[in-house]
Amino acid sequence: MDLARHEEYVSPFTARYVSPEMSRLFSPQFKVSTFRKLWTALAQAERKLGLAITDQQIEELKQHIDHIDFAVIHSYEQRFRHDVMAHIHAYADLCPTAKPIIHLGATSSYVTDNSDLIQLKAALTLLLHKQVQAIRHLASFAKTFAEAPCLAYTHFQPAQPTTIGKRACLWLQDLLLDAKELERAINTLPFLGAKGATGTQASFLALLDNDSLKVKELETLIAAQFGFTKVIPIASQTYTRKIDLQILNLLESFGASIHKMATDIRLLAHEGEITESFDDEQVGSSAMPYKRNPIYAERICGLARFVMSLAQNGAYTTATQWLERSLDDSSNRRLTIPEAFLGTDAILNTLLHLLTHLHVDRNKALSHLEAQIPHLAMEPLLMAAAKRGEDRQAVHETLRRLSGKPIDQIVKELNLDPKQFHPQALTGLASKQVHDYLDTEVDSFLKIYAHIGDSYTHVAI
Amino acid sequence: MDLARHEEYVSPFTARYVSPEMSRLFSPQFKVSTFRKLWTALAQAERKLGLAITDQQIEELKQHIDHIDFAVIHSYEQRFRHDVMAHIHAYADLCPTAKPIIHLGATSSYVTDNSDLIQLKAALTLLLHKQVQAIRHLASFAKTFAEAPCLAYTHFQPAQPTTIGKRACLWLQDLLLDAKELERAINTLPFLGAKGATGTQASFLALLDNDSLKVKELETLIAAQFGFTKVIPIASQTYTRKIDLQILNLLESFGASIHKMATDIRLLAHEGEITESFDDEQVGSSAMPYKRNPIYAERICGLARFVMSLAQNGAYTTATQWLERSLDDSSNRRLTIPEAFLGTDAILNTLLHLLTHLHVDRNKALSHLEAQIPHLAMEPLLMAAAKRGEDRQAVHETLRRLSGKPIDQIVKELNLDPKQFHPQALTGLASKQVHDYLDTEVDSFLKIYAHIGDSYTHVAI
Amino acid sequence: MDLARHEEYVSPFTARYVSPEMSRLFSPQFKVSTFRKLWTALAQAERKLGLAITDQQIEELKQHIDHIDFAVIHSYEQRFRHDVMAHIHAYADLCPTAKPIIHLGATSSYVTDNSDLIQLKAALTLLLHKQVQAIRHLASFAKTFAEAPCLAYTHFQPAQPTTIGKRACLWLQDLLLDAKELERAINTLPFLGAKGATGTQASFLALLDNDSLKVKELETLIAAQFGFTKVIPIASQTYTRKIDLQILNLLESFGASIHKMATDIRLLAHEGEITESFDDEQVGSSAMPYKRNPIYAERICGLARFVMSLAQNGAYTTATQWLERSLDDSSNRRLTIPEAFLGTDAILNTLLHLLTHLHVDRNKALSHLEAQIPHLAMEPLLMAAAKRGEDRQAVHETLRRLSGKPIDQIVKELNLDPKQFHPQALTGLASKQVHDYLDTEVDSFLKIYAHIGDSYTHVAI
Amino acid sequence: MDLARHEEYVSPFTARYVSPEMSRLFSPQFKVSTFRKLWTALAQAERKLGLAITDQQIEELKQHIDHIDFAVIHSYEQRFRHDVMAHIHAYADLCPTAKPIIHLGATSSYVTDNSDLIQLKAALTLLLHKQVQAIRHLASFAKTFAEAPCLAYTHFQPAQPTTIGKRACLWLQDLLLDAKELERAINTLPFLGAKGATGTQASFLALLDNDSLKVKELETLIAAQFGFTKVIPIASQTYTRKIDLQILNLLESFGASIHKMATDIRLLAHEGEITESFDDEQVGSSAMPYKRNPIYAERICGLARFVMSLAQNGAYTTATQWLERSLDDSSNRRLTIPEAFLGTDAILNTLLHLLTHLHVDRNKALSHLEAQIPHLAMEPLLMAAAKRGEDRQAVHETLRRLSGKPIDQIVKELNLDPKQFHPQALTGLASKQVHDYLDTEVDSFLKIYAHIGDSYTHVAI
């Protein structure tokens, strides 16, 4: 937090929640330097394809990629009221020799949309890596507590025994689904390429001797420089805004997963089965200092709803684009896309903190379970009786009548074997499910990302 | 439309918009018969795995799958206030011998969630097949008009020449993206299997001699009967509601694509370049009979926004599920899931009608283009001058000064070759892009679905 | 539920949730008879203002208002593909004499939009009356438990003592806010009047001797017949869709209130402090018959989220209307407006059932409170010490150190008076707030609606 | 834009769109100084009601309201992980004498929620004042063009003649509706007052001799200091989040109005009837320098959709609050509330710029109208014939047959008077509606705010 800037709005993202690495991806520096890299790559590819561009011009462009004077840009923008024209002039000022060939054949979207895609790819990758860390923590948690019995709740009413690890796998499976979707999004994200003012590539075709193969090569050369293997085949002035929509929906979907998980943790904090650890000096409440509130889980919920709400923008912006492009996407995307990523980053930072500061009280979980044993045994009782051939509905009726009685009386009245009704015997395949799931689906995923250590940490305030 | 029921609300879906085939998938008959198929399949699998279930019981179950007395079910439901219990009793009444083994080891979600997944798969497949038809029509449209020049618009202001077919490919690419997402959703949709009251499979484990392999086989056997190869590994009482969310988001994304396309058509109807054909007796307006309004394109927009709005439900229902399940999903899913599919079906019915009733006025499109020629040539002029090595910014300034002058004067002032500035020469790679795109990405997709003829037609009123 | 129609989709609203009175307001019968009333009123007003319309024509129109043959309408609609033209022809068939003057000077929106406003007013009034009943029940509940101590929760962690009645007032205040908003909406809802095809009233001006006063009187006469005192001054073909948006937002806001209340009840059902009563034969769960799940509160949450999601439609439909009207509102409004009202009606039906079937366990609430007394006394301890002039931060620190110790030890260590720390003494002004609030704001509201007895009951299944 | 901070995310609001006055209302300085004012007011009121607080302590508090060291606060927050505790300590450091009585009896929400309400009121007022300016401009525009004929469009197809001023009144009426809603929100916004940790006021009751009248007076005294006349009667730890929801919905509703208006302007820019003026050096497009794009109208649409999407947060945050408060509102509100106001401010800044830079081409509007005259006369023809007693449906049919013929031929064939069919005669009451509406509803509103001159201007980049 820049402590000097207190007379104007400061986004809580930068003031509180986001990591420097994500913040940087949505910084002016990242944007402008990417614009310049794109202009340089364009010139290089055009040179390779025979246009009269010199080595010296390329060198000049390269040397000024990171040398950005934002005041100059700002002043050009006020004059032209055109973002990209301002950047062209500012770059040209630094590169007098290359000036005539900067942006050659291109339209604004060449730099804006390609740099958006580069940014999206980098930001998705960063999120994926943080998800990997979260999944690793949660997988370890699930393994540790795979056999630890606890009470499962349906309708937030005592239902059946399960294990703490099994419940963690409910969260884990959702997170893994999200991570794999992100993985796919990263792998399939296309490059816009060099499509011209309305997508016909007319300007590049004219520049490149009316040779369509050269136009195609131009695109491939540039895309490769930025790590993209696929160039989108059909574009208008811009890439289809469906791509934004799909990405925002993935972040929304992750938001929903994590809101559910954090809500569960808040409910379990009420039970005292899972709590967030407190720092020595941490204060629970100004009026109630004794409180141990699940504040990180609550923060995640609030952030998740914010991220979820943003997805709507992707849908309606796509829906209302007119013909070869309308600019009503611009101000919306400037806000929506960064904030969806910053919000998700904020969630993950908080989640990584939370996952490394969770305390599980196994005994409390067990005691809650034991208190419900007479109830919990109902299903096995029903099964055991049914297995002996008794009418299911009749047994059902009997059980309803005995509801609330001690387990011994019930077992006796139904002539069943008491050994079957130990707590441990009642968790079914819960622990086996955990181990199977970790061994098959989770470990193979984590192996791919073994190189992502615990690199991301962010002490959220 | 059932003309007798006019004293109560009738959903516009059934009264106006949806096809019988989609309506049937969300009918009570489909639901109840699927419940019964699931109970039959459960009994069959349990019998195969050694439980004391007779052939006669299985036969009895099979014979009463489609023999549904809804009044009986309704009366049981009022008594028990429990949907599935009512269905069990009604089925048991018809199957006195099988009565004790119906639903053996199962919880309600065994039938509700598995039948939801069966329904989702069938409904997604129906939508995909209709999308295939729409894509085929649109591909043919794009091919027909691949070379037809027209004006491209950015900011809904004249921008550059393009072709009608190229513009159609913008729509086509979005639709193909959607169709491929649906394809993937269909192929990856899992079966819930037999997970028990809180997902631990305890009841099935108890029934099946504590043999976890038998429990796994039980699930695989049942899933296979319904055409599912994957059983979800981790479940609570239900399958994770993220699956609903993902599907609703796909329908939302299709809604966005189609809203954009239909909006474009409405704008082009204003231009008179594309119009909806009218039946002989069709009335444009009660006060303005001469009107030729793009009513089907407008209807699509209205329906699309409805479908888009429903996606929110998937997100917040997932987000607010508590622990092993809370029932606050039920009333929401009963409304949201059918309506999202019915709405998308309604869109596709209208779209198929629209795509087969579009009139393109090539000449009008061309004349609009020619009127803008002096402006449209600006980019090639800029290119041509830049190619000769002139300073781009200086040419830019000159062009701005000459804005509005005839093309000849501009060409002359800049000492350029007039041949380059024919309309035909100005559409760049538009037509080539169309053919390349159809030949590579579209045709290979359509080939897979060649068996889906023009089977779906629905004259929307 | 019409048990014969099971091969097609049946809306859960009609099958399960809505009251006959709300269903009727959105029925075809209501719509068509309202159209005819509007045509009759138009003819009457035109006659009064001097047009050549006979008594006989008026009588003919009046006599056929409720005599609706939906098959005839349907067949005309398929022919003309125009809703209102079909209705005109069907009505004209019944009224051969009046035929030439039906719809005289009008455009479709004269009947569609005015009937929408009539319907909205009636439906809002029905909802308000049900809200009144709910508020009355809840006020009585709050009064009954005004003094009953219970534990207040922040972060769903024990916080401070409050009373059950005070908590109910949190819900009550939100509901009263909603009801007053509905009241205001009903009172300010305007009539569209007779505005013509694009809102200029040109056709009516021409009919009425170019006398603008007559046009104004025409509108006033018709509006009065339907109980409207205000005619909207400015309209395009339609009334501004902002009115829909505002109403949908009110229903959304009520959805949010009730989702919060129902969620609280679900949390308190977990505590066992509030439970839903069960019918004798009611079944908790097919596998767990002993369960006492808060299913009505859960249903309310699911329905509320649905209603909340619909609000989006009002916003984007308003936002995307073009110039004097575009028809992309039509298919959306046909779905959104009825469903928002049906959904809210369903919530209120369930709520009225819930409020009359709640059981409060005062003793359990008290015992939960007592178990937390040592913690709960923290704030008064802090106050008492601070009042004696001790440094607040120091006491804060001491209290944090003693966290978890018995109340006596703490009181002693801080040298305070033990009498102050009785449970009863710790609920502050909770009960007084309840009585004050009921006496001032609630009672005066309920008095206005004293005539609305407990008229609405609906046993939801 | 702070040109030095380019390595991290900079919100486009501060970098581009918002006014300094709105930015300041959501600045750290505003927040912290308001906290301190609230603590000072609390101490003053407590002193007046007899607590042992000295003049010197009050003075000390007053003197340090604006002397804020953000680094100190930040460091305390990292230590305590509690926002308000950090502020208390930082203030106490500056006020050693007052230290023991800062925050006396209060809980965090005393400062956070009351300051939120103060902020909301100030921000709503700022928006209202800007809306007043916009309404004044638009009213003047409507007056200027009240009689200027133009073509009305339904379905974006030529419909009927109207006037430019009448169309502007469609926008104006929506804006006035919004402004009056804001007015009402400002006037009814309550103060939270001093409610304590869970809303029972127990701590204040204990401090104030168990005298409930004193507690009431305490609240009234403080509220009055901040210009609030109403204190909310029922609160939990916080004020009901419905208030946020209602405000966010008002901003959403304004977003919808303005999106519709800006969309209309974009459509009319296409027609060339209304255009945005360009600065001398302004650049239309980097590749198409001649373009005159409606970029401000487009920007408004993009921003409006963003603001609209935020409303969802208010609904779901209200809906998911648990019991006496859960903190999952906090991170969401920190983002949502400021951004909704900043977004609306950005819209209004752009709108004020747009409204003062619109060019209307009366002649083009007229020529578009005249080209459609044969069509436009249809409704009066229908009327004139109907008035003579001819069968409406028969005339309707004739008109449909003659569709596209010159007006003279049609008039002749129907034996009508040609004078009636001049363009001027066809705009009905359009201009009269404009003047009536301005004279009655708009002027009376503007008079109230006559003191709000054209004070707000913001040259958006």
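By letter and in written order, the chains are A, B, C and D; residue numbering begins at 1 in each of them.
Quick note on the criterion: a contact is a pair of C-beta atoms (placed from the backbone, for glycine too) under 8 Å apart; a residue touches a chain by one contact, two chains touch by 3 or more.
Keep in mind the model is a prediction, meaning the values are calculated, not measured.
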Distance in touch steps, counted as few as possible, from chain A out to chain C: 1
Classification of the chain A:chain D interface as same or different, half of numbers criterion: same
Computed distance of Cα centres, chain D from chain A, in Å: 32
Between chain B and chain D, centroid-to-centroid distance (C-alpha), Å: 36
Chain C-chain D separation of Cα centroids, rounded to whole Å: 25
Multi-partner residues of chain A (at least 2 other chains): 88, 103, 153-156, 159-160, 196-197, 203, 266-267, 283, 285, 287-288, 293, 295, 298, 305, 308, 312, 316, 320, 326-327, 379, 382
Chain C-facing residues of chain A, complex: 153-157, 159-160, 266-267, 269-270, 283, 285, 287-295, 298, 312, 316, 320, 375, 378-379, 382, 396, 399-400, 403-404
In the complex with chain B, residue positions of chain C that touch it: 1-3, 5-18, 20, 22-24, 26-29, 32, 68, 70-71, 74, 77-82, 84-85, 88, 103, 106-108, 196-197, 203, 266, 279, 281-288, 293, 295, 298-299, 301-303, 305-306, 308-310, 312-313, 316-317, 320, 326-336, 338-339, 342-343, 346, 459, 461
In the complex, chain C residues that touch chain D: 51-52, 88-89, 92, 99-105, 152-156, 159-162, 166-167, 169-170, 172-174, 177, 196-207, 212, 215, 233-237, 240, 242, 245-246, 249, 252-253, 255-257, 259-260, 263-264, 267, 304-305, 308, 311-312, 314-316, 318-327, 379-380, 382-384, 386-387, 389-393, 420, 426-430, 432-433, 436-437, 440-441
